[in-house]
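Below: a set of structures, written as structure tokens.
The same chain A turns up in both complexes below, where it pairs with chain B and then with chain C.
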Partner chain A sequence: MTTPLLSIEDLSVEITGRGRTVQALERVSLDLAPGEALGIVGESGCGKTMTALSVLGLLPGGGRITGGRIRFDGTDLAAAPERTLRDVRGHTIGMVFQDPLTSLNPTMTIGAQVAEPLLLHTGASRAAAREKAEDMLRLVGMPRPAERMSHHPHQLSGGMRQRVAIAMALICEPRLLIADEPTTALDVTTQHQILELIDELRARLGMAMILVTHDLGVIARRVDRVAVMYGGKVAEQAPVHELFTAPRHRYTQALFAALPERAAGRDRPLATIPGLPPALDTRTTGCRFAPRCGFATEECQEREPRLSRSGGTAPGHVFACFHPAGPAPDDDARTEPVPLPSPRPAARKDEGTLLRLTDVVKDYPLRAGPFARRRGSAARQVSAVAGISLTVRRGETYGIVGESGCGKSTLGRLVVGMEAPTSGTISFAGRDITALRGRELRAHRRDIQLMFQDSYAAMDPRMRVGALLREPLAVQGIGDRAARRDRTARLLDDVGLPRGAADRYPHEFSGGQRQRLGLARALALNPALIVADEPVSALDVSVQAQILNLMRDLQREKGIGYLFISHDLAVVRHLADTVGVMYLGKLVETGPAEAVLARPLHPYTRGLLDTVNVPDPRVAPAAAPLGGETPSAAEPPSGCRFRTRCPLAREVCATTEPPPAEPATPGHRVACHFPLPGVASGVSVG
Partner chain B sequence: MTAAELPVPGGGTGAATATPSLARRTAAVFARNKLALAGTVVLAGLLALCFLGPLFHPTDQVHTDLARANLAPGTGGHLLGTTDLGYDMLGRLMYGGRTSLEVGLAAGLLATLFGTVYGAVAGYFGGWLDAAMMRITDAALAIPALFLLVVVAAIVTPSKPVLILVIASVAWLSPARLIRGEALALRSRDYVHAMRLMGGGGGRAVFRHIVPNALGTVVVNATFQIADAILYVAYLSFLGLSIPPPAADWGSMLSAGITYTQVGHWWLIFPPGIAIVLVVAAFNFIGDGLRDAFDVRLRKD
Partner chain C sequence: MARFLIKRLAQAAVVLLLVSVIVFVLLHMLPGGPARAILGVQATPQAVAHFNHQQGYDRSLPEQYALYLGRLFSGDLGESYKLNQSVASLLAERLPRTALLAGLAIALAAVLAVPLGILQAVRRGKAADHVLTGAAFLAYATPVFFLGLVLVLLFSQQIPLFPAQAPQADTVSGILAEPRALVLPVVTTALGIVAAFSRYMRSAVLDNLGEEYVRTARAKGQSGARIMVRHVLRNALIPLATLLGLYLPTLFSGTLVVESMFNYPGMGLLFWSAAQGSDFPILLGVTLVVGVATVLGSLLTDIAYAVLDPRIRSVA
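Right after this comes the complex of A and B.
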């Protein structure tokens, strides 16, 4: 290997705060050659962001480097004074953060912000800096850069803001780019565009990159080498192909196995990693993954494994594990952590229709002020849901997929009755629920419950878990005090939490546990349908698998139907029987999950599938990923709403709205003038 | 198969103790604030002085005794001297303090209670109800409080209940507006949505979720309300619009003593003046301490 550009040696970081000290990083060593791309992956709290921040000397308050060196280009950044670090930041090391809105200054114009690093570091003249900034905006693919220069961040979409952040990071032509979850807050299609952009710029400018992410899909095709972190240490480091085909560390192996994409089959539960990552505030002996590892022995508890090579691995592949997985690309990773043969799905008692939506429309008026409506009769409105019809059967999982702003959450709110539709009917078990009032509506509430994306926000922080779980029963006047207590205990059993949890407050639980509590509360009234709005999108892969398995088990046991709303195709594919793809308030394609996701008929569905970041570097990149951005729902395109981004659009698409049709198989409907032939998608996610 | 995540709070055997209640944790944080603790001690001292003091230092506060008028502190067994009408000053301080504290506490609490419910209802239900209810408070706020109090006190003969009602009728406006703002934010919280989706109604939302979650604001505001109410009592009686003699309170004692400042009868002014300052400051310190305590009580420790 040539002289590394960045060399981190035995870096240890401690963070002190609220009376305790957390060993955030312990003896982390990483090398990065000039022009090389290194991915750092791991679950939240494993130290990956901390590693990136220490390189820049930007540790959070109370954090300090307690040992080790960070050699960058001949200087030790760990020991360097603030002056040196300031000179490095944004100059020779560029950085891109997760949230493009908070990392841009809302009061400064785009042009001024992009030019700022240049003025700070190179002493370029104002005019020259502006000119360079405009060039940079053009380079990152900003349409009409000259015009955008005078805009403010709020006038741009999330994807465009991230482009601005990248332009800022690259304007001084750094030798190293640190990107910390640069696409996590973005939609799949935008995510793809940004990652492509980074790739392209990197190739052109010859930069090295550290890409920090929790998303194995993102890392698969974008980096040369991957470091897997766990509990503040590097667990495994390998060239990307090597890592994805033959992970050696048991943690890496378990992490891959938990991906919904790697599930053995739709009827099999996902492999999970029991427990939680360590809290790092107590010193442990032995391997940090040992408490959650199915292969741990006494040796793992007592001695700490060192990063080392072993026979049969490629050069540069090191791991810290006493009982590694076999060196051959083995398939036991996929099947072996599934201990129980999953029960056959119980024959559904009743295949009858549970929920039926007919031409449901929801418009939100856009008003400037209290008198605006009177002024103009042509009041502007946002067309959030535009004529959706769908049917959910008893015990079925109906998955709704789409990008943000497509109206999928509004649809969920309409179904649970949080909002009333502008027109159309929603009927549940044969009754029109939009007409229900008072006592009847109250009784109906038992049948449909909502599982929130953020269960913590949906729980009164003042109430103990017991009181939270009893509340639905109290509201509906079910049972006496003793019966409710009893029910609470059984609900906790159902979701796999100890009964003692009833005496705790919600803030004492981890994200996954809160999601279990959210599910328990939704189950309290024995609903026939649970609307789950992105229930696992905030969770780490291993915990996500636990929740998905739990949802599936409870469905089998109790025959609940789910309306499962998600942006994640892999999750929907794993759980859903039927899938509806939404675009700008319309269902563009519906049908059995296997059919829709394997042989899409609508160009949008195909585009979505092709843009997904498959966590497998062997999968070739898709030919035609979706370009452009979703238009505003306040001014939807005429005719087919997708035509502005559709590669197949013709004149008729702009004039006539395509009616739903079933050109391929019965039950597989698509609303498109020129449906695809329905051949298997180039990318197989399952 | 879904093995429960291991480090679950409450995951132990039956011996695992429940998390201490929020009230207890709030008290623990409050106790760490020295100034707030001092306020509590001062307040407790004043309450003990006014309500228990007369048991140890009984005095006649009804009959005047001009023979023993205007005695300097320490003379004739009068620790704080006597007034121009011959009442024992220390005894009068206790006696008057009862009126001030009783009226102040009652008016402050009444105003907080009414204002909280009023504001929570307006904020939670919103729409025209909120608009109507808030216009009423705006209109009432437009009238200077002291002016209103003076007019009302001049029309009806003041007694303790009347004084409480009059002061509360002015003081409820500020908690009402404060809690309405809080309710506006709280009503769009997911846990309120969740409760409504269970089939719960407005009453449950207001009294089980909105008010309890605004409790921090309510309690902190109540301490300031009580301090204000005590000052209002003092204003009114200083202007001679309070409960008529021989009843007394700290404000009327100040008013009576002010005539004699020129002749150096300082003991008629300082005791009630210092008492008013102490009690108001104590309530303010307690309020500040409570605010901090409520702020941190939901944090993970």
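Right after this comes the complex of A and C.
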């Protein structure tokens, strides 16, 4: 083996804050050869980001390295003084962070920010640095780089900002790039473009890379080796193909099983990992995963497994597990016992239409204020929702898929009645709710409830959970004190939380538990429809599976309809009966989930499916992923709104808006002049 | 940027017009009307009527307002009852002096408060932070007149470093020629502002140090000091710019006390003596000037804002 470029040996990190000390990393060892790409995956709090930050000495306040070495290019960075670290940062090791919206300085020009490392680390003159920065922007695919140099970050889209961050990290041509969740904050298509860009630049500059992510899909085709972390330790490390085909550690195995893509079937619940990842503030003996592991024995509680090889694994495949999965692929994962699904109450589905949207339009004036109004019709507006018609039946799950800015959240707010449509009608259970006012409107609100992506932000932090759950009942004047208390207890039962939770505050709960609370609150009024806006996108895979199963179980039990809004095709595919694909305020394709996602008719749907990162390294990359960026909804393209990014667009697409049609099967509608033949997509999701 | 400025100027003009309306209304609420105020309570009704006719006070209110506005534009703010001088000329004489005092105080405050705030943020929770926090609260809580007395007692009586009387020269350059005499008035005015500004600066710097762009700058290899100067400073000054404009009226009430205390011949002293002698035209003239200054202050704030923060420039 060649001398590693980076060698982390027995790295331990502690973080002290608010009177407690957390053992964030414990004896982590990783090697990285020159030019190699290593993925670090794991759920939140597993220590993957801390590992990355330790390398550059960028641990957050209160964090310190308590043991081990980080050898980079002959220097031990763990023991190096700040001066040495400053020489390395941005020079021989570049770093890209997760959120391009906050990781750039809002008051500095793009040019100055990109040129900064060069001025620091090389003797380059200002002019030379500017020139190199412009070249770098061109290299990362920034259109009109010369012009962009004098722009500020807020003038760029999220994807373009991340390109700037990459240009900044690479301008000194480092030998190692550390990318910490570089695409997590981005849309599917942008995500794909950024990952491609990193791949290309890596090949060009011969850089090694550490890619930190929670997303198994992102890592599948982008790295040579993967380290799986759990509870501040490396649980398993293997070449990427090995890991995806034959994971040995029981945690890795369970993690894969919880992916919606790997669900046994649409009518089967997802495999979940019970419980929560460990809090690292108490020292535990034994395997960190033992409390959640279906295979744990007494030995696992008492002794700590060391990373080691065993028979049947490929070279370089190590894991820390006493009871590993067999070396053959597809050994059964033993996760949360999967109950036999109760048959879906089919009768309910045909009970009739619950929600019907007819040509619903929502425009927002671009500039509010006394001066804008006077200009009247000349004022520009954002066309957020542009003529949407759809029907949700009782007990049905209608999935809305689309990228950010497509209007899917606005649609959700319109349905709940938080906003009034500019035109069109929304009828619920046969009544036009856009005409409702006052008392009637308030009574109607009982029937449609909302579940948020960030339930915590949607809860008053100073109210106890009991009060939060009783509030909707109080607002609607339902029951007396005792009845409400009783209802609260039953709601907590329904969502699988202990009744004692009523006396606690929201901040005392984990992300998954908060989503359970959000669901409980939405259920409090026995609604007929719940609008769930990205309810699981902030959650880790194992927890996401728990929430999805819960939502499905409650639907079976109570016959609730869901309007399920998500950017995640795999999740929508798993949960939804009907799918609507949105692009720039329009539904471009609707139909049964199976049909739409397996045999898409619209080039956009097809593009989305092709672009999605499938958590399987064997899947060949898509031939023609979606390029470009979504145009602004303030100036939507004429005719078909997708035409500017469509590989099939012709003249007619610019002049005439395609009417919805059903060219393939009844119920599968598409708005496209040149619909696809409807053959199975090259990439299957799930 | 140009469009933003034009829009903001137009808004300022509207507000100024409203200020003039208020001052006009106040003028009409003078006890016994301006005639009685000027001619005295002994004046005959004929004299009052003659005066009112001469001054146009017998016309309709809108007409009078138009006349008032016309006079305002030609710089006529009326005559002082007591000083036998036009209000405009009095203000022209006094305003530069007060502007000098206030300007020096603001400049001193900014020069002190920005580094103090940064120091406290960097040394958060350490001794320096605690000491400066205590000092800031003490200075903030002390009334200006008391602070002035203490300073005079200490640095003029006990240790005769600075004179207790402000420069008495007529011109700005004359005042500047006596810097030692300026020290106590300026410091007295500035201390409270330093206290407030350094608190704001401290929290703005702390907020920004927690931002991710600072971590990005560290990941580029920047040192702590350069991150402060190149990255954090400008972002942290944005909230301070707002404060600066909002402070102008407060600053005026500060100079009112300070000027009378140090016998500084500025607008505040003029206002003080006019208030004691019920010299209403002067009081109203000063009120108008302060109103204008307040509007200009917030205009300046917005411009500073736009200069500092590129996001505002494009939204506005």
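We take it that the second predicted complex is superposed on the first by the 664 of 686 C-alpha atoms of A that agree within 3 Å, B and C clash if a C-alpha of one lies under 4 Å from a C-alpha of the other, contacts with A are read in each partner's own complex, and residues count from 1 in each chain.
Here is the rule we go by: a residue touches a chain if its C-beta (ideal position, glycine included) is under 8 Å from a C-beta of that chain, and two chains touch if they have at least 3 such contacts.
From a predicted model like this one, the values you see are computed outputs, not experimental measurements.
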Handout entry: Room on chain A for both chain B and chain C (clash or fit)
Key = fit
Exercise for the section: Have a look at where A:636 lands relative to chain B and chain C in the superposition and call it first, second, both or neither. Expected result: neither
Exercise for the section: For A:452, select first, second, both or neither according to whether it touches chain B, chain C, the two together, or no partner. Expected result: first
Practice task
Would you sort A:424 into first (chain B), second (chain C), both or neither based on which partner it touches?
Solution key: neither
Exercise for the section: Based on the superposed arrangement, let me know which partner A:106 touches: chain B (first), chain C (second), both, or neither? Expected result: second
Practice task
Give one of first, second, both or neither to describe whether A:497 is in contact with chain B, with chain C, with both, or with none.
Solution key: first
Handout entry: chain A residues touched by each partner, larger count belonging to chain B or chain C
Key = B
Problem - Contacts of A:462 with chain B and chain C, given as first, second, both or neither - result: first
Handout entry: Superposition-derived angle with apex at the Cα centre of chain A and sides reaching chain B and chain C, degrees in steps of 10
Key = 30
Exercise for the section: Classify the contacts of A:416 with the two partner chains as first (chain B alone), second (chain C alone), both, or neither. Expected result: first
Practice task
Please indicate which partner A:88 is in contact with in the superposed arrangement: first for chain B, second for chain C, both, or neither.
Solution key: second
Exercise for the section: Working from the superposed arrangement, determine the closest approach of chain B to chain C, counting only CA atoms, in whole Å. Expected result: 9
Handout entry: Complex contacts: residues of chain B adjacent to chain A
Key = 1-12, 14, 16, 18-19, 22, 189-191, 193-201, 204, 208-209, 212-213, 215, 298, 300-301
Completion exercise
Within their complex, chain A touches chain C through residues 56, 58, 86-91, 94-95, 97, 99, 102-108, 116-117, 120-121, 152, 154-155, 165, 168-169, 371
Practice task
Within their complex, state which residues of chain A touch chain B.
Solution key: 18, 269, 272, 274-276, 279, 291-292, 339-340, 416-418, 441-443, 445-446, 448-450, 452, 454, 457-462, 464, 471-472, 475-476, 496-505, 507-510, 512-513, 521, 525, 543, 546, 549-550, 553
Practice task
Would you tell me which residues of chain C are touching chain A in their complex?
Solution key: 7, 211-213, 215-223, 230-231, 234-235, 238, 308-311, 314
